[in-house]
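Below, chain A partners chain B and then partners chain C, in two separate complexes.
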Partner chain A sequence: MISRRKALRTGAGLAAIAAVGAPSILHAQTKTLKITTWGGKWGEVMKATVLPAFEKEFKCTVSADQAFPFLPKLQVSSKNDPIYDVLHTNSNEQWNAVVEGLVMAKITAKEVPNIADVYPYAVSDKIVGVTIFTSAIGLGFRTDKGLTKPTSWKDLADPKLAGARGGYLIPVNSLGQAHLMMLGKVYGKGLTDLDAAYKALEALKPIKLVDFTGQMEKMLLSAEVSMGVIHDSGVYRYEGANMQPVDFASPSEGVLALEQVLNVTPGSKVKELAFAYIDYMLRPDVQKLLAEAVWYSPANKKVKLEAKYDAKLLTTPEKVATLIQPDWKWYNARREDIDARVTKILKG
Partner chain B sequence: MSAAPNRRPFDVGRAAYLTLNALLLAFLLLPIAIVLVFALNPTPYISFPPVGVSLRWFEKFFGSAEFMNALWLSLWVASVVLVLSIVIGAACALALARGNLPGRAVMTAFFMSPLMVPAILTGLALFQAYLLSGIGRPVWGLIAAHTLVAVPYVIRTTLAVLHNFDRRIEEAAAVLGASPTRVFFEVTLPLIRPGVFAGGVFAFIVSFDQFPVSLFLVVPKGETLPVVLFNYMKFDLDGAIAAASMVSILLALSVVLVLERLIGLKAYVKL
Partner chain C sequence: MTNAARPTPIAWLIAPAGLLFVLFFVLPFAVMTAMSFYSGNPVTNPNAFLTTRHYERFIFDTAGIFHEALWSTLRIGLITTVISLLIGYPLAHWMARMQSRLGHALVLMAVIAPMLTGIVVRTFAWMTILQDKGVINTTLMQWGLIEKPLPLMYNEFGTIVALVHIYVPFMVLTLTGVIGRIDERLEQAARSLGAGRLRAFVEVTLPLSLPGILAGSLLVFALSISAYVTPSLMGGTDVLTLPMLIAQQVGTSFNPNFAGALGVILLLVSLAIVVAYNRILARLAGGQGMA
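Coming up: the complex of A and B.
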């Protein structure tokens, strides 16, 4: 975990860089950039360090909304005067937004120069906008329950884990949705093989379901479940904070990508500042600060993390190659049917 | 002759009555007790049984600028909503009860409608209306929204008092020379006060705990406590949530007790 002193020092460093290394994009004058951002540790670092440095460099103010739900607010506001200039969500919500014309379909290195340095997954055809970080969705497990480290997604179906395995309420959680698609790949013909996925989901019962990843983290920490679907950050971020025997495993079939995506709203009145913000978030210094604060894998290839982060996060092309990106456009188009079906399966 | 012991025979009906009351009380209070246990449990996750007693989550709650700003904003908004709801709700109730207004039943239903519409829709509709009219999301917009959903409580409790109101007392005061204004402040208001303030207590609590309406109307750095708690839960589900819940419960209880001491809500119960 990053210390307060380290965060402040890095913040001062960022401000110093801002003062001497004038960027070529834009120095706006007292404009307000409206963004969405996460809470928790991410929000703390953003508010304490990252955003003040950005405001200082670009002579603007940033209004950062941490109160969910972001997408309905954006939907209700005028497209010509959107409530946000930059939308930060996971990938699935960006796909919902682009269908309604609420965000841009693509952002290129022409608008955001640092895109030239990101891994291909960050701007792949599975992404709307640009990925700034990713987590790996895999299996979290207790190491004190006599379990061997899982090597396959199929290990979650071990009969020994009946009632002690954890999953998500699929209609409201993107990890649950991604896991459903992974079941199709592992037990069927691919991520879009829903029949195989439904059958495999049925076999996971009894399973404890939660809405948020934070709840899954706590269920693992409190040993309410012995194994559950979770992203690596949700396990690693407790390192040093407690002595609970919980670890993360990357199944051999691959880990699912949980991307942190930024995108610009087409009607933004400060579009250049919005691009500048995304570019800023992709800077190696900013990426390193946030990656080490919350254990997210940086999208920028040039980021060099401290050894303990580098060992666990996806920081090389080989490790990045294990990422599987779900096709959220495909999933969202079938969402109502899927929600109805999985609710029926998991209710019984 | 020795006196027979003054023992009441076992009364099955009374025992059943007491048991039912005990069960109801347990049903109401047990969740609060569980929240307290979680708030005092030092583990960084909510677990049972507790492993010890610690105030670390209360320290975290009171030491967090984000929580404190949200707490003060919620208290401030709820206080303003209390005053506005009392004034508007009491005036509406008087008009509905005595105004001989045409379409009174329709108007009563209209004023009560915020209770019938899902609050999340009220919040979303107001959010859209504010944005379309270019108002944005000012704090007075949040107060207006909370007042909208709080006023029906004051109307309902005040109407209940007015239903039992003996108008001959007002007529006597008027016959004795009191002006309508004086009659209102010295006769009517003191008599309907328990109902008005009971509604005020509801209004305060409804505003202080309001989540669905606030969800769309709060702004960055201007979030109320329920919204901050909801967002906190998505990332950090620890004892701070339980500590915040205990503080909310105690604050709401304090308001009820203070109003009881100041104006005697028991009088309303006796009506």
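Coming up: the complex of A and C.
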């Protein structure tokens, strides 16, 4: 027979175990999704609205890394227990990641149902993972310098713009890399005509080069350059801010796609949740919120944007057809040679 | 246990610093060196193999950019160090000999104040001053003194100007401590024996301050050759340094093995320069190695 004292002692012991163990049990039940995401306005909206709503709906916590670059961190983490479950980068980095087996090669509507509603470019053969948004890379220009709105990529080579045109340090910036390929298309036989591209690049000197788009935005806003390669979002997001005399032009040869791509790491322990997150990011309401916050063109065809966004972003099949997607697999395979060549061309 | 085997109190006090040095320098450097001899990451890639190809890539430099990048890195480091010394020494001497405690405190605050602002912010400040539409060029053009902007930025000149501004405080603070400890009466004695002000300085104060010059120079040189943000923002197309190439290899080319090899090469070349510099200064001082 159990004595009263023994029963009390046993009860107290069980209560203590329960009290100590409860947080870990609770923790075990709450899954954590590890993602990468951008900072700035995008990061603000994600942290304030998008991610809390996802956490509430899927009863999980999201750990978001905004400290770029992400791929080197993924490279050194274990493939069986990767540092991220969902990798958000531009398209060319996804191609680097898939070569090393760090992300999935393809994601279909079976795993992410909203893929059924995306434009074809979002899951084309130029994409590893799924595109959730895209920007259009074209030409940003000052409207107060007596320039006519550029209609061709060739307008950047106008002698009047010597020293007042802007581009990117090609080895470190995907807009610069995409622009180099576009020079091959405009001046040569196509995106892969590197000889024509190198020659055209040489003709753009003197040119001011920066390593990230934020710096190009700053150079345009301060009139340090009168025209430069930039994505539409980098110009449109200043709309209404002190009436900046800066505008964006889509050259007739086409605009280059700067895709925002999500992908899942093969070793993720919460793969279902990772797919659910991508599906959530493709929902029309989430797409609308983010698209209007940062002027990104949504990948989901069903998204209806406010008129002022709809007028400028790629929201119809006709406008989407002007997008040119670079072959990053091809580019990355030649990257070392290209980096060396363009560095020599642009130095001095 | 004998007394000889027992750690002294000093050893215990040094232990945390030693541990930090091992954990945050020796260990990462060893990993980086090991990685530089592999084709990939041996932890995550079972097919990674031992190779010297990253060093061969640098040595043979078929791309034609790596040797120039190394020379550019060292040149910027040396010029920044010399200019920082030329600016910093007189200031440090003045501070060390200042009688007024309030004056000393005010000058010290002026020297330290820029260090309270981040390097990125200070570099952006220099950009607004030196760029084509910056304060200097705009003013000179408005006054009609120049027609085209002066090339103050997007080159080595702008990079060195910004680096000197950032690293002069390190030189001044190092030199002030050393010059302050030199007995002023030695200089007075030299003058009472007939030496002029300049000769007393050159033959007495300057040799005695050589340890400070060495320490300050090494500090500024080490910081300059490892600078990344400032050359990236100020250099434009004209400047390509090894730290920029290393960041490029890690961050956008995703080749940490070659980045590791570049890091090892930069360290070895820098060490060789430091040893040579130490010996030259020691010879000038007429003594043994100083550091």
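Keep this in mind: the second predicted complex is superposed on the first by the 319 of 348 C-alpha atoms of A that agree within 3 Å, B and C clash if a C-alpha of one lies under 4 Å from a C-alpha of the other, contacts with A are read in each partner's own complex, and residues count from 1 in each chain.
We adopt the following convention: a contact is a pair of C-beta atoms (placed from the backbone, for glycine too) under 8 Å apart; a residue touches a chain by one contact, two chains touch by 3 or more.
Model, not experiment: these values are computed from the prediction.
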So, on chain A, is it clash or fit between chain B and chain C?
clash
Which partner does A:Trp38 reach: the first (chain B), the second (chain C), both, or neither?
first
I'd like to know which partner A:Ile83 touches here: chain B for first, chain C for second, both or neither.
first
In the overlay, answer first, second, both or neither for which of chain B and chain C A:Pro72 touches.
both
I'd like to know which partner A:Gly214 touches here: chain B for first, chain C for second, both or neither.
first
Touching A:Trp330 in the superposition: chain B (first), chain C (second), both, neither?
neither
Touch test for A:Ser222: chain B only (first), chain C only (second), both, or neither?
both
Which superposed partner A:Asn96 touches (first chain B, second chain C, both, neither)
second
Partner chain in contact with A:Lys344 - chain B first, chain C second, else both or neither
second
Output check: A:Ser63 vs chain B and chain C. Expected answer is one of first, second, both, neither. What do you get?
first
Hey, what residues of chain A end up touching chain B and chain C alike?
69, 72, 76-78, 215, 222, 224
Which stretch or stretches of chain A touch chain B in the complex?
38-43, 63-69, 72-73, 76-78, 83, 212-215, 217-218, 221-222, 224, 238, 241-242
Quick one: which bits of chain C touch chain A in the complex? Just the residue numbers, please.
41, 43-45, 63-65, 128, 131-133, 149, 154, 232-233, 236-238, 240, 247-248, 250-254, 256
Within their complex, chain A touches chain C through residues 69, 71-72, 75-79, 96, 100, 163-164, 169, 171-173, 207-209, 211, 215, 222-224, 335-337, 339-340, 343-344, 346-348
Complex contact set, residues of chain B against chain A:
43-47, 124, 127-128, 131-132, 215-216, 218-221, 223, 227, 230-238
